[in-house]
Structure formats: structure tokens, C-alpha cells
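Input: one structure, supplied below.
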């Protein structure tokens, strides 16, 4: 290991939770004590911590060589959004309950953090998605996703009909509440709630998971990670639909738009403690082995 | 309450588990100390406990007015089988981890048991099923089930085609691994693993749940509890199938047999502590509220 | 049969579909030819048909003794909404493809319609739900549903936490996209897409089906039809949620509201051709027997 | 194309179906007419067809350069078993209803077959699995699978506990009816009935799909195609379990055995008509677009 020496670390956290605040304080002291520069977001209470530098969130990660998110997987996704164009490594410290992404626990924080600063860590590269929304006349938006790109119907109670092509080949016209395009990282998030499978992070694949499909045989389809997915709405009337990226509403999706989802040229670099074990995270988060059903007699 | 005074209690337990043995000892001393007669199975180690009477398992529950099963839900089902023709109440003490049926915990045993003997309990009547297997020429078997009657394919790897009628009306010819007919009590057992819904115990209904159905739209069907279900095998070749009742293999099921499942005239009377809460059991057994997935950002 | 003589019939249909228009023309001529009075909605093209009477939709069914919906199940639900306080029978004619509710086919229309007018029909009474939305200070709305009452999150991409009680007993705090409360009639609609079971129409039961639940063991629960369900939102922030009844958005659902769902005092009377077979409708609509998977070798 | 000239063709079919027989006759005449050598299985009625050569099934494919299976996907799997060590291309002609694998229809047989013999075809290479069963002291068996390797419990009604490792890392101890290890090709077979996703054939991945799992969060896991999966039984008593490969029972699986599943060094070469479209096969086989549910109003 020892391939990287960190010098400037950005901390990202919400300042509304006392447990998070305590962890940020502890962490900034630890990092400053080891001679590193520590940056926090200007608009937060953390800006008053001794020795830290405060920046607008949009500039927080510039010239840093490590980003640490303190909170849950939501904070990790926010951090991912900040850094997805840089090639910065991201480390997550959970707020008590371990996340799929924020896997460092507060009670082991000091020891594990020192090990990581000493170069004892695992470095993992995760694929991301790029979503490009084309309007009838112009490009409307291009965003990157660590977890998922979701097309969903709006609040009218009306199902959507939307057409999906993969690498130019027509797949299906789905009818239902929407469609999730998930990376392996996102396979344990919303996709799992909608019936999608768990995909090991190293898998080069993307899941297309229908949400509450009208047709019962309209099941999740797994395709190679470098596929190009094109989605358009096929609806008699003006559809009420929208696009969500990593859980944040991104844009409306109209009948004349087309959405293209491909593998992003960006990847997310996650740092884990050296004893990180993906399947152990799964077992813990999904209560595997805590049997929910009685043994048959 | 106070509507019942117990005088003779049958204890049913496996003698292979030290935790169970300890509970049986404690319980028999408590019951004997309150002047009750206590019966145990002759073939077990419990026959040596001071003051107890030992009987063959088949005669264990005769002239008793309470049966207590110590163990898991499997032991409860075994007890149910012993008493399903009598109208004896059944109480379950779990072996550490609470069951759906065995809901009294060892750590609260003494207090709760005394309350129950004082008449402080809930009495609940649960519906049972009757399964009648007709051969081509004669009645092969008639059994009663608290949880479920299951038709399953054998070990050949060959799917089954079996035809189902409800109250004489043709429903479907299922193709797949089998079919579960479950009571509300059984809805949280094998049926739940196969995609069936949870049914509140008081519901007068039966679930027909296909096992790994070939047709993806072949979904669980809930019918009134007093329905009459007829099942026959429709297979080109001699099928390799069998019938399981409450988790115990009961008989082979051949192409010329027909199986009729109806509500049993017997019901199971369960006793619960006075503070019994069905939904609390569900929450506890199914880890509800222990979220397995991360919050969306 | 012959228990009912129809004299005034209301026809409900959308006038945007040529197939529907043709059926309405044929049907009105047939009914008028048999001496019945025929009413149509004033705002539609059907108002110009010879011999018919036109009324505002809100008054269409007054003093009628039969309502006929021509279209799909959506039109049936619209008709149900119009008549759910009267005790009018409803007959559905589908637009080509049979519906779960609109089960009379155009190609058999004349013969079947004459049989029905001669008293050759089945009369079926279906349970309905009543949804009462209480605001913090006043009753906001009370509506009736033939299919389902649905609580759903809005377009923010944020999951909902909502607490459910049945007959005053706490069941669960669901986290996810929402919850469907479905009648047996609604069990083959949105509920089925969300993993709910099929419930035979005669069953006196209600399904509570979570939509994309965060907790994987948060499964459909079936409770007795006369249960009282109370739902409130438990969310840190002001939730963005709304209520849909039979597929129509009905109201916003705020953190200070509470929604009570019970069996309605109204029931829906459906008329079917004398040879109506519920399971045949299921087989046809769900493609049962059209196997979607290959036989195992 | 034109990269291959066929000279000797083996035909594999069951001789119990008149439709199949007719197709075999037509096909052998067509092939012989174009100067090719045609081989059939000696034990079948086809051995009497004029001009064909008959061989024992075990020698049928030796020195051939094309195998044609006539029947359903079951016949395709039988053909795959015969040729999985050779690098022979396999073409499937279905018996009326299109299969996932047998995708050439009888009504287009002559034209499509001539095109294929002229070199107008698609050549597709599908991954296979290798299953190695180690007994306590010796290798018990090694087999290859095009669809799936399945571990299942026997006819006792007793659930299995079995431990799974991937590339040496402990994944989970499953409790339930069994586990399916499926290739992308097998993802539309038994795996789909058990809740597994559809995987595009080109995906380099393997699905591990639990059968009726006791733990509701025990969901399908997709791992890279070159993973090494080790399975052992963890059961208090002697388990009653067996192994099925491509739908054929292969061996018992005892508590002291261990099963290793890896990617096979063999691959299956499928030939398709030039206009072959995988998604079109999916849409057709799974009735996509034949909506099974009514539109919400």
C-alpha cells in the first residue's frame, strides 16, 4: 500500500445531528494533529472548529486528496456528486448504523483512521452511470450517478408507458410506475426494494428494474455495463414523469424528451479499512442469518 | 377470564437440547408446586423428573386439560398433531428465540406461567385444514394441518402439472415445483418463503401459493376459509410427487390420486399471555423496523 | 332470476374511441328497441344519438335502474364513483380486450344483452372501502373505493415513513414509496403489480400492500374486511405525499393528517352474463397456461 | 459470414411426437438433397429414414460439424450435454412453440435452413458452468451445464442449511429449499421461476438464486462469471439433498461433500437465423406487451 500520502482532507457532513457533530470534531482534531489540512463547508457549524478551513460546498473538494463523508449513505451520495469529475478517493464514516457505503464505525474510528492515514486501506473503483436528457431541440442535462437513474411517474396516479432500447435494439414498452437503471453499487438501494438482484460491486453490469410493472412477467434485466440504454415515453397524453439521480429529483421527463444512460467515464474511488468484507456488509445490513421465519417442523 | 382451572398438564419437548431440559425441569417443579399433575413422554429423559407421570406420546394428552410445548414452532406443530382431535388448549414456550406459535419466553416464564394458571391469559381459536387423499380405489389418508398442506415434486428435477378446482370450479393447471395450501397460521411459515402474504390469524381464509411457478403470473390466490379445494396431477408420465402436512412428509401423490383440502372440523386452541400482541410478534420475527436498505439520499 | 325489470338505463362511455362509439350506438338502439329509456352524458357525442336523453354526468344515474359502462376497467371505476351511493347495478362492456370488471365482449353483445334484459344474469355484490381523511382541525374528505386507497410519496424521490394501526393496534412503521389498501376487487389491479395476492371477490378481506418497501420482510398483510385501518405519516420533515382512490388523485396527505380506511356501508352490485366464471377471467387476463418459461429438460 | 461449410450434420430429436417426426423427415431430405451427410440416433424411429446414418447417441456427434436439435429447450439441453466437450455448433428447431434456445420455427424451416447452409447465420458463444462434486475422500463427479446447477432438498419436507463461499470469501448460510447457480442462458429457466433476474446472454456473470429462502432478505446475488463458488451443507442431521444439472438429477449431496461451481472451459456455440433478436424472443416467450393487468383509471 502506502501508495498515497494524504495532505488535504475535505469533511462533508450535515450539522443537524449531535452524533455527527461529535464525530466531525473528533476527526478534525485527529487529522490536524497528524499535520493534515482539514476543510469543511462554510455554511455549517463546523466552520467554527479550531484549525479548519471553510469553503463553499462547490469548492470544498478542490485541491484535496481525500474526501470523508460523515453520516449515512445519503451523505456518501452527496459527496459522490461533489467529486464525480475529480478522481478523489472517498471514505465514509457512518453515524451509528453501518451503511452499504459508509462502512467505518464511530467506535473504531480513531484506530482505523490512523491505519488508513498510514496507508493501510483498500482502494476500490466503482462504476458510475451517465444520464443525458435530450429535449426535442437541445440537450437539457447531463449528470452522473453512483447508485441509480430512475424514471418515475408523477403524482397523478396514472401509469407510464415507456419504451426502452439497448444498444439500439428495442427491448420492451414497459407499463407501470417507472424504471430503475442501477449500478452494482445501487443494486442494494432502491433497486432491491423493487425486486432487483444484488450485484457484486466488481461486476461490470447494469440492472434495468421495472417499478410496479403492469405486466407480471416484466422482470429485472441485467445487461453488460457498457450498454447504451435509450428511454422515451410512449403515452397518448402528455405524461407526468420525472427523473431522479441518486435519489435527487433532477428534471421533468416529457413525451418529447429522450434519456440516454451509459457507463460514465468517471468512476468513484472508495477507500475501505483493510479488513473490509463486502459480504459481511451484506450480511449485516440485510440481517442474513437472523431468520425471519420459523423452521418447518 | 378464570373460566378454566387446569388440573392435569402434558409437557411436550425434545430432550436433546440442554436449554429445553432446564425449562422443562423448572416448569414441572412450578406446576407440581401448585398441585397440578404433570405428564411427560415416556421415551424421554424427562420421565426421570421427580413427581411427573410418564406416558407413551400417543397417550400423553388423554385426560389432560392443558398441553405445553417447550421448544420452537416445530414442537408446537408436533403438539398440534397430538391434540387435534381433542379440544385441548396449547401453550408454547420458546427455547430462547421467540416463535410465531411458541410465544412465551423462558426469562418471563415463572411470572407469566403463574398468571396463566391464575386464569390471566388469552384464548385464541385457530382454523385448521383437513386433507383427504383419495386413491383410485380407496381412501388413502385423512390428516389435519395447523399450518399447511403442501404438494411437491420429488427429486427428479421434473416440474409438475397439477390441476386445481375450488368448490368444483376449475382454477388453473399449475406447472412448477408444487403448491402450498396454507391457513392464516401457516401464512408466516413456508407460504411466506414462497411469496404468499401474511394473513391475520382471525381471517377466515386459505392461501393457495404456487412454489416456483413456471408461469410468472401464477400468483398466490386467497379464497374463503370454507372453500373446498381439489387437486389432481395432470402429467404425461407417472409423476414423482408427495404430500407434506405441517412440514412432515405424509404420503406419495400419484397420477391417479386426488387430494381434497377443506376446513377441518377441528380447531386449535392457543393460550397466550394476557399481553399477547400478534403484530408485535410479526415485528419481532420479521425484523420490521430494522431497515435492511439505506435511505435514499 | 327475473327478479328485476329494467326500465331506465344509463350508458357511460368515453367518446374518443371509434370502437366504443360503435358499441354505444348498437347498444342504445337495442335498448330503445326493447322499450327502455336510455340516458347518456350531455357533454359527449352520444347526446346526438336518436331517442336518447342526455344528462349532466352528475345526474346521469338518477332514477335509473341499470348503469352500463362501455370501455375498460377505468370506465367501470368511473361508473362506480357515480353510483356508489345509490344501489344501482353496474354492467361492463369491454372495448375489445376483456377487463377484470368489464367482462361482456362486443362480439357477444347482442345475444348476451338480450339474455340479461330477460333476467338471465348473475348479480354479484362487491365490498367497497371508505377512506376518511382527517386534517389537524377538520374533516378534509370522505370517499368510497371499489378497488383501492393508495398513499404514495410525491415527486421528490424521498421515501415515506408512515405508521399503520389496525383496530387501534400498532402494526408497523413502513418506509418506502407508499401503501395500497385493496379490496378483493382491487387485488388484481395495482396491488398485484406491487406483490399483493389475488383475493377471490367473495372474500371478506382487505390487503395492505407496501409499495417498494425499504425493509425486504415488509410484506403484504391480509386482514378481515371489517377492520379499521389508521394511517399517519411519521417523518422528520414535511412529507410530500398524496392519496389516490381507484386510480384518481384525491388529496394531499400531510404530516398532521390522519387517514382512516374502513369497509364502506356501500357495496357495488355487478351484473354478469349467466355463464360468468371468475377463474376464467383470471386465466384469460393473466395468460395462465400460456407458459412463459421453457420446460426443464 | 461463409466462414464454415457444413458437411456432416447430426439430428437429435425425440421420436414420440408426430410433429417432431415430420420436421425430422423434412429436414433430413433437405440436408441430403444438398449433399450433406445426415446422422440420427440408432435407437429412434429416425434410423429408418432413407439415406441417413444411425449411431449410438454417445457417438452421434463425432466427426460432425453441426448438430441440430428438434423439439423444445429440453432437447437443446440434451444436445448440449452430448457436445459440450467438442466445439460443435448447435441449432435448435422448435416443435411449434418457440423456445428460448430452440428459436427456428417449423413454418420458416426450409427458407431459414437454406440460408444457414449458405452461411447466413449468427454464431453466438454462450458460457457454461462446470460443477465438481468432491466427496470426503475422492472426486465424485464433474459435469458441465448450459443452464444451471441446482442444489435441492429431498422429499422429507426438511429445509436445508448450506454455506456458500465465493472466491474463498464466506457469503451466507442459506436456509431453505435450495440454491440455483445459473448462467445468463439459464436465467430465463428455473432461476426466473425462483425470483432471479433475466441476464443478457453476453453478460459475463453468474446468478446465485435461493429457492424459497427462509430469510426474506436472502435475495439473488449476481457475481462475475469467472467466480469460484463453493457449497457445503451445514446441517445438524444427515441432510437429504441432491444436485441437478440442466434439469437432470446428477447426484446425491451429502453433509461431507463439497460442490464447486466455476465457469467451464467449454462454451456452447449456438447458431441462429441471421435475423435473430434476443429481445424479440424474450417479448414473445414472456408475453410482454400482453398486459395482464387492467389500466388504472
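Labels A, B, C and D are assigned to the chains in the order they are written; within every chain, residues are numbered from 1.
We adopt the following convention: a residue touches a chain if its C-beta (ideal position, glycine included) is under 8 Å from a C-beta of that chain, and two chains touch if they have at least 3 such contacts.
From a predicted model like this one, the values you see are computed outputs, not experimental measurements.
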**Message:** Using C-alpha centres only, name the chain that sits farthest from chain B.
**Reply:** A
**Request:** Between A-D and C-D, name the chain pair that shares the greater number of C-beta pairs in contact.
**Result:** A-D
**Request:** Using mean C-alpha positions as chain centres, tell me how far chain A is from chain C in Å, no decimals.
**Result:** 39
**Prompt:** So how far apart, in whole Å, are chain C and chain D when each is placed at the average of its C-alpha atoms?
**Reply:** 44
**Item:** Separation of chain A from chain D, taking each centre as the mean of its C-alpha atoms, in whole Å
**Value:** 36
**Fill in**
Residues of chain B that touch at least two other chains are 157-158, 190, 192-193, 195, 214, 216-217, 219, 247-248, 286-287, 290, 292-293, 295-296
**Asked** Which of the residues in chain C come into contact with chain B in the complex?
**Response** 157-159, 166, 169-173, 175, 187, 192, 195-200, 202-205, 207, 214-224, 277-279, 282-283, 286-293, 295-296
**Complex contacts: residues of chain D adjacent to chain C** = 72-75, 77-78, 99-101, 188-190, 192-193, 216-217, 219, 246-248, 285-287, 290, 292-297
**Request:** Using the touch rule from the top, collect the residues of chain C that touch chain A in their complex.
**Result:** 150, 152, 154-158, 176-177, 190, 192-195, 211-214, 216-217, 242, 244, 247-249, 286, 292
